[in-house]
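Notes follow once the structure below has been shown.
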C-alpha cells in the first residue's frame, strides 16, 4: 500500500526499471536543465544573453542538485521551478546568474521538461512495442492454419485459427504503434501570461528556435491553458494499455484450467501461490489487466484539466502532474508483459483441436445453417437451433441429428463440418495484419524481438 | 431527473434538435437499412444475391418499422439486429428474404450503422465548429489591441490583450476541428467470428466494396473486439467539449460581477432567476461546463471496453452503446453554446481598462523587475516583491513606491508601465492563431458564422 | 446509437419500464408539483400563504402540463423550474398565483423533486433487490454441499461448494441492500443564497416542516453546493451494479462452453444469434456487465461536481443531472437481470464434479501439501509443485505420483483427496451469509422471490 | 514528472510526511508482520501452532527485511506475500518455520495489512480533519454577522454573511468526518479459496479471533472478491477531498484580484512566481484543487474492480493497489492545506462591504421584489428585472430607480436594502452547523486546532 508503482515491493512487478529511471527526480532535473540551457543557447544566438551561459548550465550535473531541498522549497513556492532556478543560479558565476530563465515562466520549464521526458519515455515504449509486434507477427504466421474455437459471449461460435486471433492482437498493437507520435508535447516558451512579452520582438523567433534546439514541435500559441496535447498523450498511453489488455483478456481465458489452449511462458518461480503449489498463475495477464483497470481514470482527469482558467489555473495544471507519469509507468509495465506473452506464449494446438470437438459439432452450426439456406434463412436457422438443443440434450453429434431430419434430404452437409473453409477464410486477414505491421508509417524494426525471456528478476 | 439529454424538459437546453434527430431510433433504423442495402448491393455485384434485394431494402421507410416491437424482441435476443433482420425479412418478397444479411453478424450491422450515424453527427459538429471558429477569428482580430489583465492562479499577472485570450480559445477549437476526422469508425463486415467465412473467398473483396459503397474506411481486420477507434472517437468528442470548456471557464469568470469584462449575449428571457430578477446568469457557460464535467467518464468507459474478450464479449460492446451517443449529444450542446458565445459575446474594453488599473501598477511588476535587472535578477525580484507589499498596504501606485527607493536611481521605470509592449507582444501569436484557423488541413469555411443569435427557443 | 437507455430499440433490454416511468418527464413534473404543494402546505400552517394554495396545486395533473413548452423555455432560462413555476401560476386563480414558490429558489424545487424521485426509484430497487437476495439465499442453501472447483487467477485452486460461491454473491447484494438508505437526498429549501432569507424568522421551521411533510430528511444547512449526498447516492448505485457484476462475471465464466457449470435460465428466443443458431448467449450477464462498465464514470462526474462554487455554480449542478438518472436506469436493468439469474440459474452439479476431476488431483495440491507439512512447509510445497509438473506432463493422478515419492512414506495422503473437508469448511460461512441476509438492519422480506421468469418481453 | 506524490521535488507540496511514512515500504512490511504475528497468536491459543511463533515474529524489525529483494522476487511470484513469507521463515528457528502463515493465502496477508495501514492513515486524517473543523467553527462564529455578497452562477445574488459561507464548508467537512469510520476494511483470513479449509473446523473462530486481535472488523464471509468496502473507502477519501475542494473553489475566487475578500495565510516565500514578484498565488487552493481533479478516477477504478472473478481474479485485485495509497496521499495533502486555510485565512470584511455596494443595490433585487409582491409575483419580478437593466446602464442605485416608478408608490422599499434581515437569516443555520460539528457521532475534539501556521517547509 505504498505508492505502488514506486514501492520497492511492487514496482519490479508492475513497471520497468528503465521507465522508473526516465521518470526519476534526476531525470526531471536533467530535463529542466536542458530546457534552461537551450533557452540560454538560443538567446545567446540572438545576443540576448552571454554565450557562456548555456555552457555553464550544461556543465551542471543534475544529480548534484539537492532534490530534497528543492522539494522543501516547492512546498512554499507551489512550483519546483522557482527553487530550481534559485539552485541553478547559485551554481553560476555572478555575471551569468541574472541572465538565467530570461522571459520564461515556471510552467514553461516544467512543461518543456515533461515534453523532453516524454520523448525519452516513448522511445522506451517504442522499443518494447516493436519487439512485441515482431513476436506477434511470428506467432500469427506460425499458427495461421492452427484451427481453434472462435468464441462470442464466452461461448463457442465458429472455428477460426489461432493465428487469426493473434493477428487481431497484432493489429491492435500496430494501431498503438502508429499513434506513438501522438504521445508527445510541444516545447513551451510563452512567459508568464503567454505572450512572451519579456523578450519583446524577439519572442516568436526565440520560441521557435528553442523548440528546434530541443527537437520538439513548436506551439502556435501558448499552451499553458490549452491542454489538448496533454490529454491526447494520456489517451494514447491508456489506449496502448487497452490494446495489451485485449490480448491479456484472451490469454487469461485461454490459460484457464478448462480451456488450457495456451499457457504463459514458463519461468521458474513465476506465478506460484503461497498456498497452492500446483498453481501457475498468469502473472503477465494480471499485471496488464491491473494496469488497464487503473489507466482510464487518469485520462478522465486529464480531460477534466482542459478547463484551465485564463492564463494559468489554480489547480488543474498541478492535477496533470499525477496523471502522465502514472500512465507512462503503467504502460511500460503492461507493454513489458505483453512482450513477455508475445515472445513466450505456449499455445497448445492439440488442446485447441480437442476443444473444437467438445460441442459435438455445434461449432459448425453456422456453416450448417448456410448449407441449409435453400430452405429459407429463417427456416434453416430454426432447424439448426432445434437440432442444437438435441445435441446438448443427447451428447450426439450435430451432423447426425441434422442428417436424420427429412428436410435436409438431398443437401450435402459434410462440407459444413470441414475446418478448411474456416482456415482459408482467416488467411487474407492474417496477411493484411502482417502487412500492416511491416508497413506502418513509422516503420517498425521487426525481427529484433527478444526471445530469451530474461530480465524477469527486474524488468530492464 | 429523466434521462436528461432526452427529456422534453431539459434536452432543449443541453443538446440540439439536429443531433437528437441524428441519434433517433428512426435514424438508427435508417442506418441499419443502409448497411443491409449496401451489403446486398455489393453482394449482387459479385453474383451472390439477387440484384433486386438492395432495391427492395432501399424502398423500406425506416419510420415504418415498428421500433417498439423490435425493442421488445431485443429484450430477449440481446441485440436489436436480430429482430431488425426479422422485421426486414417480413417486408421482402419470399424469394429475397433468405438473401438478407448474408455472411454478416449482428455486430457488423450495428457497428456499421454507428459509423454511418457518426458521419452524419460529425457533419453537424463540423458546421457548428466552423461557425464558432469563424466568429472567434473575428473576435480575436477585432480585439487584438484591446488591453486587459492576464490572470494566473486567479490573480492579475501581467497585461495581455483580449484578442490574444480569444486566440488561445480559437487555437483550442482549431485543434478540435483538425481532429474531427478521428471521430469516425470504419465499416464492419467480418461475420460471426471475424473471418467473414460465410462469404468464402469473396470475403475480403466484399468487405472492401461494402466500406466503399458506404463511404467508410475499410478495416484491415475485424474490429469487433479491437476498439481503439471507438475509444478514440469518444476521446476527441470529450476533448472538443474540453476546448469549449476552456472558453466557458474564462467567460464565466469574465462575466462575474466583480470582473464584468464580458457578458454572454443578451437574449430576452435568458439566464434569469426564479428568485432574483436582476440576474443574468451565464447559461451558455453553464451548459458547456456541465457537459465538460459529464464527458470524461464516458471516455474512461470506452477505454475500459477495449479489453473485449475473444471474438465478441459478454458486456463490453454493449457498454459502448451508452457512451458514444451521450458524448455526441453533450458535444452538440456544448458546441452550440460555444457558438453562441463566439458570435454574441459582449466584451467591455472600458471595464478591462478599469480592471487593469485596479492593482495600482502591480500588473506591471514583472516589467518593472525586468527594468531593474541590472541590479541582479534576485535583487530586482526581491525589491519589487517588497514594493508590492507596500502597494497592497498603502493603496499607492507601484511606480511611485519604486521611484522612492534609492536603488532605482538612474533607471527609467516609465517604460515598465506602458501597455504598448504587452499589446505588441500579443500580435504575432494572434496572427499565428488566425493563420492556423484559416489553413487547417480540413479547411474551414470561415466567414459563414451565424450572427443572428436565433434558434434559442430550441437549438436547431 | 440513440440515447441507449431511452431508445425504443434498446431500453427494454437495458433497463426496466418501472424505472423509466419513475424517471419520466411526467414523474418529474409530479415531483416538482409535490414539492411546491408541500411548500404551500407548511407555509399555510404558518399563516404565510392562503390555505387554498396547496389544494389548488394538488389538483393539477402533472400530465396536463406541457413538458415540451416548459423545455423550450428552459433553453432560455437555463433551469426548468422557472418556466415550470410560470406554468403552475397560469393554472392558479389570480389570488393564489403570487403566493407560489415563496422563498424558494429554482434549485430547491429541482433538488427536492430529485429526492422524491429517488425515494420512488430506490423503492423499485429494493423490491428487486429483496427478490434477488431471497432467490440467492435459496440457491446457496440448496447447493451448500455441491462441490465445485474454486478458481483463482482463472485456474483451479481448491474445492469449494457452489452454495459457497452463491453465498459470496449474496453477501455482496446484502451489503448493497444495507446501503440502499444511503441512496437518498434530503429536502432542499434554502432560497436563492442558502439562508432562506425570504421567509425571515420562519425559515428554519418551515424548512424542517417541508422536509417532514415530504417524508425526506431535513438538511442542517443549505446543500445547494454541498453535494456529498448526491455523490454518495451515485456511488451506492454504482456499487450495487458492481455487486451484480461480481455475480455476472462468475456466471458468464461458468456458462462458457468449456466450463458449462451453469446456464442462464432458458427463455425461448433469448440469447440467440443472427448468425449462429446454436448459441445461447448469456444475455443477463451481458446487460449487467455493460451497466458495470458504464456506471463508474458517472460517480467520478458526481465527485467532480462537489467543487461547486459559492452559493450555486455555473455548470457543476447541471452536470449532476446527467448522472443520477443514468445510474438509476443502469442499476434497475442490472438488478433486474441479477434477479433473473438468481431465480432461474441452472447449475449443473454433474458438470461441476466432472470439472473437479479434470486436473487429475491438482485441485487437492494444497491439501496434499498440508498433509506433507511434517516435511517442512517449504519442502512440502516444493515436493507438490514438482509432482504437479509431472501430473501435467503425464496425465497421471497427483495421488499416485506423490505416493511414489519415498519422502511421502508413512504419510496418509488419502484424506487430502477427500472432498468432505472442503464441503464442511464452506458450511459455517454459508450460514453466516444466510443469517446476514435475513437479519439486515433494513429487514428484507425474504421468500417472496419471483420464480416465474416472466416479464422478459419487457422488464416490468 | 516522476511519480508526483513520491517525488522529492513535489511530494512536500502535495502530501504529508506523516502519510508518506504510513504508506512506506517499511510500514507495509510492519503491517504484514503484524498480520502474521496475530495469526500465530490466535492459532497458538487454539493449540494449532507453538506459542513461541508469535513472539518470534514480533521480534523481527520490519526495517531489517530486504524490501528490494522481496520486490525482485515479487516480479516473479506476482504477489509480495510469497517472498515475504520466505523472508520471514528465514528469520525463524527451524522448528517454527513450517507453522508460519498457516491456512492463510497471499491476499489475506496483504488485505489485512492494508486494513491496518488504513487504520493508521485515517487516524492521521482524523487529526487534521478535527483541527480543520475546529478552526472553521471559530471562523464561522467570528464572522457570523460579517455581511458579504452571496453569489450564484458567478454573479452577485443576495447578501449572506461570511460566517454562513464558512458554515457550509464546515458542514461539508463534518460530513466527511462522520464518514471517516467507513474508510476502513475488515480483517481478511479466508484461505486460498475463501473457506479457510486449511484450518478445518477451527476456521471461523480463528478468523474472528484474528480480527479481534488486530482491532479490525471481522468479515461475514471472504471478501477476496467482494470489494464493496474497498470501493467505499476510496469513495469517502475522494469525497473528503471533494469537501476540501468546495472550500478551495470558493477561496480561490475570493482571493482573486477583483474580489479580494479573503487571502490565503501569509507565509513568507509562499505563492511567489518566478516571473512576477508581486504575485501571491493561492497555493493551498492549488494543491486541493489538483487533488480533487485527480481523485475521482481512482474511485472509478475501484468500482470497476468490484467485478472480480471467482475466488481471486487475474488483475482486478492488483488494480486496487494503485488506488487506495494514491487517494490517501491526495487526501492527506488536500486536508493539510484545508487546515492551513481554515486556520490562517485572512478575510477582509471591509472589502466584502465594498463589493456589496458594487452593483448599486442589485444585490437587494430579490428583497425588493419581495417588498413589491403585492403587485403580483410576476409583475414584481418583471418590474425589478427592468429596473436592474437601468441600474446597469446608468450606474444609478436600484433604490432610486424603483422609487421613481409610479407602481411602487406607497410601498416602503427601504427595508429591502437593509442588510439586517440577511444577517439574521444566516444565524440559525450557522448555529446548526456549529452544533453538528460539536455533536458528531464520532465526537470531534474541537478546540485543539493548530494556529501557528508552522510546518510548511515540509508537511508534518
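Letters are used for the chains, namely A, B, C and D, taken in the order the chains are written, and counting of residues starts over at 1 for each.
Methods note: contacts are C-beta pairs under 8 Å (C-beta built on N, C-alpha and C of every residue); 3 or more make two chains touch, one makes a residue touch a chain.
What you are looking at is a predicted structure, and each value in this text was computed from that prediction instead of being measured.
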Which is the least count of steps on a path of touching chains running from subunit A to subunit C?
1
More C-beta pairs touching across which pair, B-D or B-C?
B-C
Between subunit B and subunit C, what is the separation of their C-alpha centroids in Å?
32
Between subunit C and subunit D, what is the gap in Å from one C-alpha centre to the other?
25
Sites on subunit B at which at least two other chains make contact
101, 151-154, 157-158, 192, 198, 248, 252-253, 271-273, 275-276, 281-282, 286, 289, 292-293, 296-297, 299-301, 304, 314, 366, 380
In the complex, go through subunit A and note every residue touching subunit D.
1-14, 23-25, 27-29, 31, 67-68, 70-82, 85, 101, 104-106, 113-114, 117-118, 191-192, 198, 248, 252, 267, 269-276, 281-283, 285-294, 296-301, 304-305, 314-319, 321-326, 329-330, 456-459
Quick one: which bits of subunit C touch subunit D in the complex? Just the residue numbers, please.
86, 89, 94, 97-101, 150-154, 157-160, 164-165, 167-168, 171-172, 175-176, 192-198, 200-201, 203-204, 220-222, 225-228, 231-232, 235, 238-239, 242-243, 245-246, 248-250, 253, 289, 292-293, 295-297, 299-301, 303-304, 306-314, 366-367, 370, 373, 376-378, 380, 421-422, 424-426, 428-429, 432-433, 436
Looking at the complex, which residues from subunit A come into contact with subunit C?
149, 151-158, 252-253, 255-259, 271-273, 275-282, 286, 297, 300, 304, 355, 358-359, 362, 365-366, 369, 380-385, 387-388, 391, 398
